[in-house]
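Next come two complexes built around subunit A: one with subunit B, the other with subunit C.
And now, the complex of A and B:
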């Protein structure tokens, strides 16, 4: 009878074998790592059935075409159009997005600088430390020339405990700085492109919903959006009063008008929900910036065709009423 | 004596002034009086139409179609469809090829071609061979994928321009 029937294995080989045995399941085809997170849903833990989104073919109705000219080498991006009123997503119509906005080259350095700017430009550091003159203990010489004691002239010296701080922070210091407007614009476009590439973009028919809206919780559950944070961006002329009431107490749903769109908000929320009516305005404004003449001096609006401005006033020759202001002096 | 005289004169003046009643001055202009109705005015913008004709456009227009290219300045319009190549070079907003000649510090002339989409390395290979006859040693190129550009050592803008115009960019 053998006491030890195991073959002798060197420590190095034993270590290698144990590692290989531990990780042999990784090479199998069905392996999903347990720490995988897909939009806050882990299919192993939550038992969620992932619905398949049908592919967009050419025959589907396009409800919105691009307003501005699309570059030659790129195609308009087609995305399914959703509706807040429908409980289940009905894949009926498609919306076309402009590639300059949603297919921008993902420059991470530009994105980082824009995010950093957004967080830093309004910061004010209020820390202030006293110098030796501001301690308030006076100028009395602690002790006069004596044996076996170091020289001193003031007890407020930075060398002393409770003395002044010589090179410390001095008063409110603002970290305001301006970034190039082109960089800021590019940052916004990159953020939008990232949302599109990572399937976090939802286009909605309109943010104006009527009273007879189906259950909002049901709406979210059917699209696996129960615990995902969403940012809804709407146009200014939409009436969002009912939507505001619905969403007031929700921690996960935020509403923003188009003029408040910014990179930090886009990146902070999981999903970006865009209303169809604001896409035209956004496209027009962005492409106006990309194709405008540079400012000769400072920015001004004395042009024929500024976005959102109507300089073309019609003069009525039939009515003899005077055009302009009337007043009293 | 003198003081008495002054007092007598003052008294007599006072009597004189008291007896007369100062008539109100005739109204010279309406603005000085505050008892009548305020003036009315209108600001007319009727002449604005003459300014409207002169207001400039804010967006850079599309260039007009010429009969033959190149135009007298040497400019060539891009082809209407994207050429069938693995890369694409878009024009700048001023409808000009995106080639720039720079002088980097310490005597380093450099040409930069940017706005490149698609396979940059294929374009870099072609540009390297294009520049070889004009360069003393091996043509030095650098591909910068983050900024979508190719940096070439030396000033070769005209040669590259001719090459890209021929391709139809």
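And now, the complex of A and C:
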């Protein structure tokens, strides 16, 4: 919701207006108070018919099952499968989603901390103020001892106008910090599950479109998506060249590959559109991280251990050093 | 779709509330906020107008000998650097990790198995830890059939493991070998040839040659007698051992100077090419012979 941008009204005028409007609600049937900020589509005013989405029964064809193991205490989630090529949504088949990804407990404080990290860790504050030594005006004593003037030793002191600043910002200061990678992962899963809870999740067959594509505006109108912002996440295999041409100029539709998925983008857009081919890779990656053991000791640098590089130490098999005589090989 | 989700009033609330946005999020009002130590009533520095770098050293008392100097010395911590510590491992913990699938009961359970299954975190421990101590807590529920090798064993723990059909043995590892076994990958990445395990010090020789504790330097025939004695003492029927277990008890054990099972000292493990390099030179072979 935008912050409401109202014109300034003087207190007297505001009182007058409220007195005038006080009795108007008694008679009218659709009274809307003047200080209420409304969403763009209001069914009371605009008479818009919203299509009802049919319920999923057990007999419907399941076109995608979960790749990874589903925990015993949870069930896989089924969602209708859509297609970018179809003008109207045909509720034919259903896709199963993994509960660890889309049924996480919605912890808002984790979401907040992740969003804050995403926005802050890149920030660098370049403000820098001069101290009394850096002003560059010299060390001359302004005036010598007199009865009717205060003591002074330098005109750069912080007490003076145009003098140095004593406790000010000192140079580029980075607000970089690291969040626990487990909380970052949890934040992603919570964002995905919130989209599912609030019915903002759409799953499409694929992001690959053929050249003879039906009207995109018609597609959005039939699903009441003409003024909602959408984020489409696709796998790297898919050829998005035709989709990109379609969607180049629109402000409301953004495309993102899987490796760019993050919490801020998910929450910024109204609807989240996922392509079916991307779900396998997502599941595999997330569950690997969720079910792995922690490091034994401290994580070591893989790049130093790789063979065939200048970093790795080579062992001479022709002239080996004797065992035990030197402290190291 | 929403029926399949786990029931929670929190989720049904969210379904009806407006869309979660970047503008809707708030910090946790009940979270602990860290304050800097130099502000507030318990400030560390800049207190009473005195800077901390001017204050005298810790323990200084004006105009008299301080408390710590008045009292005479006594050797409470006299031989601390010579003492050994062991990680306590209860039977309850073992059974739990076998049930969770972190320890494989078909393979012998060693220090590496316990470290890899994250039962105990022994990596990076202080310099006087020498192994694992098997405790008897959880003996009433223990049912797993395991072949364990530890450093010290309680009598009841021995009896429960053997009653369940497993075997126990105790072996000595010096500090360097213990560290190598806890994290073998890091040890192999150092690129040094495998060292020889040291024999136990004087005070531990009587322990490891004792068949009652199934020591690795004791007579295997006497171990067989002691098993039957234990069964009589605690009143249970001795189950039959499989041929593999019998082989382990007599011949299949590690040599007293071997650190890793199947790897001779003097050899180098190449993790990148997945090979083991064995010395060909006679001089090295003699030096590395066990």
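Methods note: the second predicted complex is superposed on the first by the 254 of 329 C-alpha atoms of A that agree within 3 Å, B and C clash if a C-alpha of one lies under 4 Å from a C-alpha of the other, contacts with A are read in each partner's own complex, and residues count from 1 in each chain.
FYI, contacts are C-beta pairs under 8 Å (C-beta built on N, C-alpha and C of every residue); 3 or more make two chains touch, one makes a residue touch a chain.
Since we're looking at a predicted model, the values are computed, not measured.
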Item checked: subunit C versus subunit B, contacts on subunit A by residue -> C
Notebook entry, point to check: Of the partners subunit B and subunit C, which touch A:293 in the superposed model: first, second, both, neither?
Noted result: both
Note to self: On the A-aligned overlay, A:170 touches which partner chain: subunit B = first, subunit C = second, or both, or neither?
What the structure shows: neither
Check: Where does A:197 make contact in the superposed view: on subunit B (first), on subunit C (second), on both, or on neither?
Finding: second
Note to self: With both complexes superposed on chain A, which partner does A:71 reach: first (subunit B), second (subunit C), both or neither?
What the structure shows: first
Note to self: Taking the superposition on A as described, I'd like to know which of subunit B and subunit C A:79 touches: first, second, both or neither.
What the structure shows: second
Check: Counting only touches as set out at the top, which of subunit B and subunit C does A:109 meet: first, second, both, neither?
Finding: both
Note to self: In the overlaid three-chain picture, which partner chain does A:139 touch, first (subunit B) or second (subunit C), both, or neither?
What the structure shows: neither
Notebook entry, point to check: Which subunit A residues are contacted by subunit C in one complex and by subunit B in the other?
Noted result: 73, 105, 109, 293, 305-306, 312-313, 315, 322-324, 328-329
Note to self: Can you tell me which positions in subunit B touch subunit A when the two form their complex?
What the structure shows: 38-46, 48-49, 52, 55-60, 78, 80-82, 88, 90, 93, 117-118, 146-148
Note to self: Taking the touch rule as given, give the residues of subunit A at its contact with subunit C in the complex, in rising order.
What the structure shows: 1, 56, 73-79, 99, 103, 105-106, 108-109, 111-113, 115-116, 194, 196-200, 264, 267-268, 270, 293-294, 296-298, 300, 305-307, 312-313, 315, 317, 320, 322-324, 328-329
Checklist line | In the complex with subunit A, residue positions of subunit C that touch it | finding: 1-2, 4-6, 8, 10-11, 14-15, 18-23, 25-28, 31, 115-116, 118, 123-124, 182-183, 185-186, 189, 191-193, 266, 268, 271-273, 277, 279, 281, 283-284, 287-288
Item checked: subunit A residues touching subunit B - in the complex, by the definition given at the top -> 71-73, 105, 107, 109, 288, 290-293, 302-306, 311-313, 315, 322-329
